[in-house]
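Here it is, the structure, as structure tokens.
Every chain is named by a letter (A, B, C and D) in the order it is written, and numbering of its residues begins at 1.
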Amino acid sequence: MTRGWDLGGWALGDLLSTLFERKRAGDVTASGKPLPELCRALLTGQGEVSAMKRAAEVLLRYRQADAAEKAAFFRFLADEMDLDPAAVTLAAQAYADTPDARHLSALLAVAEPPRQELLRRLNQAPGGTAELVAMRVDLMAQAKAEPDLARVDLDFRHLFASWFNRGFLVLRRIGWESPANILEKIIAYEAVHEIHSWDDLRRRLEPPDRRCFAFFHPAMPDDPLIFVEVALTRGIPGAIGPLLAEDRRALSPSQVDTAVFYSISNCQAGLRGISFGNSLIKQVVDVLGREVAGLKTFVTLSPIPGLSRWMGTQDDAAKAMLAADPAKLDPEALRRMAAHYLLEAKAEDRQPLDPVARFHLGNGAEVHEIHAAADLSPKGRQQSCGAMVNYLYDPARVEQNHEAFATHQTVAAARGVKALTGPAKDRKEKGLKTNG
Amino acid sequence: MTRGWDLGGWALGDLLSTLFERKRAGDVTASGKPLPELCRALLTGQGEVSAMKRAAEVLLRYRQADAAEKAAFFRFLADEMDLDPAAVTLAAQAYADTPDARHLSALLAVAEPPRQELLRRLNQAPGGTAELVAMRVDLMAQAKAEPDLARVDLDFRHLFASWFNRGFLVLRRIGWESPANILEKIIAYEAVHEIHSWDDLRRRLEPPDRRCFAFFHPAMPDDPLIFVEVALTRGIPGAIGPLLAEDRRALSPSQVDTAVFYSISNCQAGLRGISFGNSLIKQVVDVLGREVAGLKTFVTLSPIPGLSRWMGTQDDAAKAMLAADPAKLDPEALRRMAAHYLLEAKAEDRQPLDPVARFHLGNGAEVHEIHAAADLSPKGRQQSCGAMVNYLYDPARVEQNHEAFATHQTVAAARGVKALTGPAKDRKEKGLKTNG
Amino acid sequence: MTRGWDLGGWALGDLLSTLFERKRAGDVTASGKPLPELCRALLTGQGEVSAMKRAAEVLLRYRQADAAEKAAFFRFLADEMDLDPAAVTLAAQAYADTPDARHLSALLAVAEPPRQELLRRLNQAPGGTAELVAMRVDLMAQAKAEPDLARVDLDFRHLFASWFNRGFLVLRRIGWESPANILEKIIAYEAVHEIHSWDDLRRRLEPPDRRCFAFFHPAMPDDPLIFVEVALTRGIPGAIGPLLAEDRRALSPSQVDTAVFYSISNCQAGLRGISFGNSLIKQVVDVLGREVAGLKTFVTLSPIPGLSRWMGTQDDAAKAMLAADPAKLDPEALRRMAAHYLLEAKAEDRQPLDPVARFHLGNGAEVHEIHAAADLSPKGRQQSCGAMVNYLYDPARVEQNHEAFATHQTVAAARGVKALTGPAKDRKEKGLKTNG
Amino acid sequence: MTRGWDLGGWALGDLLSTLFERKRAGDVTASGKPLPELCRALLTGQGEVSAMKRAAEVLLRYRQADAAEKAAFFRFLADEMDLDPAAVTLAAQAYADTPDARHLSALLAVAEPPRQELLRRLNQAPGGTAELVAMRVDLMAQAKAEPDLARVDLDFRHLFASWFNRGFLVLRRIGWESPANILEKIIAYEAVHEIHSWDDLRRRLEPPDRRCFAFFHPAMPDDPLIFVEVALTRGIPGAIGPLLAEDRRALSPSQVDTAVFYSISNCQAGLRGISFGNSLIKQVVDVLGREVAGLKTFVTLSPIPGLSRWMGTQDDAAKAMLAADPAKLDPEALRRMAAHYLLEAKAEDRQPLDPVARFHLGNGAEVHEIHAAADLSPKGRQQSCGAMVNYLYDPARVEQNHEAFATHQTVAAARGVKALTGPAKDRKEKGLKTNG
């Protein structure tokens, strides 16, 4: 009934710690010195006594900087804070000659761009981690104009991969009892099926047949990194509308047999390239399997975001379908088209063309079923003529699917889905003519 | 009265996460393959789907390994998992020729020993962080026999410095209401003034004039990294006995004006070289200053661990003092001796010879007062003829002290302490040797 | 930064407890027996082994009952579950004859209506407390039609006064980080200045110069009992509009000197007559005084809900003001009118006519200032011609004000407010009527 | 891994609340007035503004009072704070004449001793609940000398039964991660098998096959009310020694099939007569059944505290057994003796003579097996010649057992135990001669 109400001495220490750190942050006043000068001082400062303070000042100055100053700051990181290849060569040769700890240490010291140590020191400021993640968003934007800044991004990414190591992440259930300041981020970050209001959010969190889970990093406790929304259903659903309907009746846990992952959203643009989605799904499968006794099937209901674009590159019949009203398309024709796209359309890297397919197949899921007229929202019509797909996570096969996909790019699929590509192939030989 | 009793949905998610991870860990069964083979598989495995499982298996195998297997494993890390200096040279030259992101990326990839990535992947296993910290303890022991393993230790240390960045640590108050499984670690780790029993511990935590604070890392929530014990007093104490006496009367917060840091202990041998002690003291000064209104003075009551040893290298008078009963020594003579040692005895690196002095002076503290017959325990008699010292943390001067010390090795000291060295200097002319 | 993240074993036990109790509740199936029969069984059942289960069944049956069944149930409580005055008389005489524990015990047993014990047993069901509070809402509604049911209400009220004793309540800060399922209740229960949306709510909780505090009972952890909204300001505000404006700039804690209680709302209709409002304000004054260093003044900005109605009973000039546009009224005239109303208009019980005045003056506050055109919302115009009042909580005078008011109905007021009644008195001679 | 680390705004509010209340309590200074005078003022004080303060003063004065003052205070409660039977008679007759709410209210007002309202007001002081529980301990002691004080105890008990209603209690797991200030109470309160040290405690809490659960009241969050210690075993144990052995090997959850309740201890002498033990066991059975998949049997391993005393009242053979070494007794003879005692020896109230039997049989358990030489500690030897008993809680039969016992005092027992009484009876007819 009441849960966890005695934290003992913890609350006190933690609270004071919080106040302290906020105050520290609040104390900081920009000295007016330019960012590079502040960064050099932070990097050369001996002892860490004042490092937190100096780091906080750099971050404050950065926040207050305008676009030009930020661009100059990134140039500073790219140029002055780069490694010196000549020094690396020398140290590498010295280590080759005398492969001992002293020479290795010297080599490692010069073989890492100094900006990495700078970022580590900036991270000591209260709230530093979140600010560095935000800084990378700026950097990636700027790198579009100045591709050379990609060199700087390498170091952000390297450090983030280390800091956001799966071993440091915490899985949490998000519910209607979660703090509002976190829930508003769920609303903001939902990228697949938009959440229109707090009432809409509540419909996705509060009913007994709904779940939501997110990964957090302890240094950003109010900011989810990635979250997945789950519907518990009886049978595998073939359309998104009924799942999200305002007036649907919730099922009790004893009635459900299937967990449907209907939306997965990354929250932090600044963590692009740091993947944790596959861990999330695998872990949620495990958690739900324990919590809800009757669950037998774990499946997604996923968009096929690249289908329409790909169809636009196919024959006239495909293009004709693009022009038609998705609600009136021949379902079988669209399913064949989608099956062909998901199972056979590959990018240059031999991976599936569809990014969502790439993600789930890479995790070891298999294409289980394809549905026409499954998402008739404007976005669904536009990106996939209304088609959706179920990817199945079968714990017994996930690992071998994953290995086969990683090694041979084998796309695992249910027999019925594979069958859809047969006729399609035949017709393709005939020019891929579809129903008129 | 009741504190924090509604965690909302958190508790559930977190609990399940915990169960999940424990189970995962429990699932692991050693495959019987040798460690290097398992490590190679972990490192080359594509996708992270099964990485957690493989990492857990490596750690399980390591735990079960005997000393010879562990030594072989470290050799494997040192040799096979080292970087290739020739490849580094090549990549450095390529980057010098074409300083773009692609070439930098290639350089960074070969300039980092592969064992770093291996350690990052091992960290993904549940409880991995703590196991890697423990592994480094084994490594450091083995490196005494095989100094070349210091090359491996460089990478452990590099990663730990990044993972245990001050920005990721959490300050907590330790009290008598803290969990017993944490308190037993406080008993075990106390390194300065041994805690003899749970009753002894309670005397250091429960009274209203006692405090204890520790740093924790979120991935090791039950394991303090470093802690400091504090006595709130009226005036600056000159001996440890009365502070720890069983029958002393506690003061109320309204009676105290001084916070005495009388013990600071590092808890994790595996984090040697990763410093957070100065942050801890500075933050605790701040926290206490807010919590206890009347505090005006922040000071240590510290041992002088190297005094006796140093006195043994001095003149006959010094050696005579070593032989005498500390309780009967001429206090002034011992104080002069200690002042001389603390203010003037330097190591080769021009730092103070005394390790505790080095720590506090490096933090910006100053030598405030020296006391004879202040610690008459066997350890106190043996290491410093019973002498102790107060280092003063004056928030108004900490920063300038720190800078002066860092730049010029200037030892800040109260006038009275400096005066003690006057006569000492005279004696020095008469034969007292100095170091450095 | 991270707060209270180790609950140790608590979370587990508590969670299981929760699951257990929910399950228990879920297990219950209505047996189809009529409520009185179930109640009799619950009351006579020996041992408490199955009491929780029986209690849960009664509550389930009650929830499912229609209006007629509920009315019949209340009649059952009123008639069959009443005490027997003849038995009371006998037992009282026996106790008078032999005033020992046995006879007192016998007297107490018959002098309490059996429905009290029934309610205590119903409270053992999971969630029982909240259900009984809700049941009283039904009862009070029914008692309007059947005044005799007030006898039953006496017992609800008696038990609730005992259960919701101030010593069992917990004060909590409500913030934007509070659970959404609690925040939605704040939105629903706000009775003074309506909260229009989640954005509106956020404006009242998130800025650094806003606070909200509520009392909770541990058995209803998701349901606030009463809450107060506070604005931290510089100086005492004279109008509500600027306090709630969407585009206002928040002050930092270092800029504020005044805490303004601008809204107090009771949440539980079923707890009518159980007062905790005065405790709440006194405690929040204390909490804020500690947390925000510069606070010197604690004051309300309160509506004057009965002013218009009272003016309608006064002379023609007063009635003319009622008809005018509040934004254009002579401010001084309205302030005089309000001062007269607040200081001199009394009900039959010699208490102030205005219910809000009655509450704050009863708490020991004093009428500090009156403002015209202070609340130009439709409600403000309608109930008080736009006037509002500041009641001042001066910790140094609260107690004596309270005593004087309790004993002699003395209304404490600032000199300036008292002065306003001078001219008013003159006008009274010219025809202003008073009450009481 | 990390659990529940975001309390959002809660921690703050709760902390402040705590500080506030402690301060309030600290503020109190005894005015030097006698307790009765202070109580009268508390009772007649209008408004509750200063009630908390007055209540705190009474409790402070009480704590400081010596034995004579406390006795006088209890007399004051017994005499001046008693109800007036004449007033009750009058009010009862008035209500009989006019059975409306007004007259019932008047009757209820005089039919409750004023000390009940006094106790309710005292409870408003911070920590009041715990102090009243402690006060009752004094009262019960004093009532031994002055039996008339039992009249006062009636009111304490009445209020405590209401306040400590099962619906307000919280079940918690106690583990080695629980706060030390709670664990020390477990050590202190263990009443069945003494806990000798913190190491002993740890052996009962930390291994994966040990559990401990307690009930708490939210107003006494650091004070367990009752707790039960559980061993998870394979098969039903027949002796206490191996369960508590220092060097035993713990079982993993997958190996166990039985939960053994081997110790149940009430913690609060001041709550005597307020029962929650049966709820505790039933709830723990449910919790464990969910948490540990393989559990099939729920059983106690209980002392038979009254066996030796009862045997002393039996024939010579029984008395001879009392004199023998329990380790060398004929096990069958002792088992027969114990079976006879447990199944057939009844008190005047027709309940089992043995208090532990009375408790478990009253809960619906059944006598499952009896063991000789099962507790060879001095206490076990002394109270039951080393015999112990398993009471079985079979969820399928608990309810009907309970009903049969409550209605007909039927003692449920396993066939084997019943059989033991057969031969015993025969032999008893022959003089109850046992082996020599």
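The working rule: contacts are C-beta pairs under 8 Å (C-beta built on N, C-alpha and C of every residue); 3 or more make two chains touch, one makes a residue touch a chain.
These are the chains along with the protein names UniProt gives them: A, B, C, D = Malonyl-CoA decarboxylase.
Everything quoted here is computed from the prediction, not taken from an experiment.
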(request) Using the touch definition from the top, list the chains contacting both chain A and chain D. (result) B, C
(message) Measuring between Cα centroids, which chain is at the maximum distance from chain B?
(response) C
(message) Quick check: how many Å separate the C-alpha centres of chain A and chain C?
(response) 47
(request) Please work out the Cα centroid separation of chain A and chain B, and write it as a whole number of Å. (result) 36
(message) Give the residues of chain D touching no fewer than two other chains, as numbers and ranges.
(response) 1-8, 10-12, 14-15, 17, 126, 170, 176-179, 181, 218-219, 221-222
(request) Using the touch definition up top, name the residues of chain B that touch chain A in the complex. (result) 2-14, 16-17, 19-20, 23-24, 46-52, 82-83, 85-86, 88-89, 92-93, 95-96, 99-101, 104-105, 107-108, 111-113, 120, 123-126, 128-129, 147-148, 150-151, 153-154, 158-159, 161-163, 165-168, 170-179, 213, 218-219, 275, 278-279, 282-283, 286-287, 290-291, 362-364, 398-399, 402, 406-407
(message) Per the contact definition, I'd like the list of chain D residues that touch chain B in the complex.
(response) 1-7, 10-11, 14-15, 17-18, 21, 126, 176-183, 198, 202, 206, 218-219, 221-222
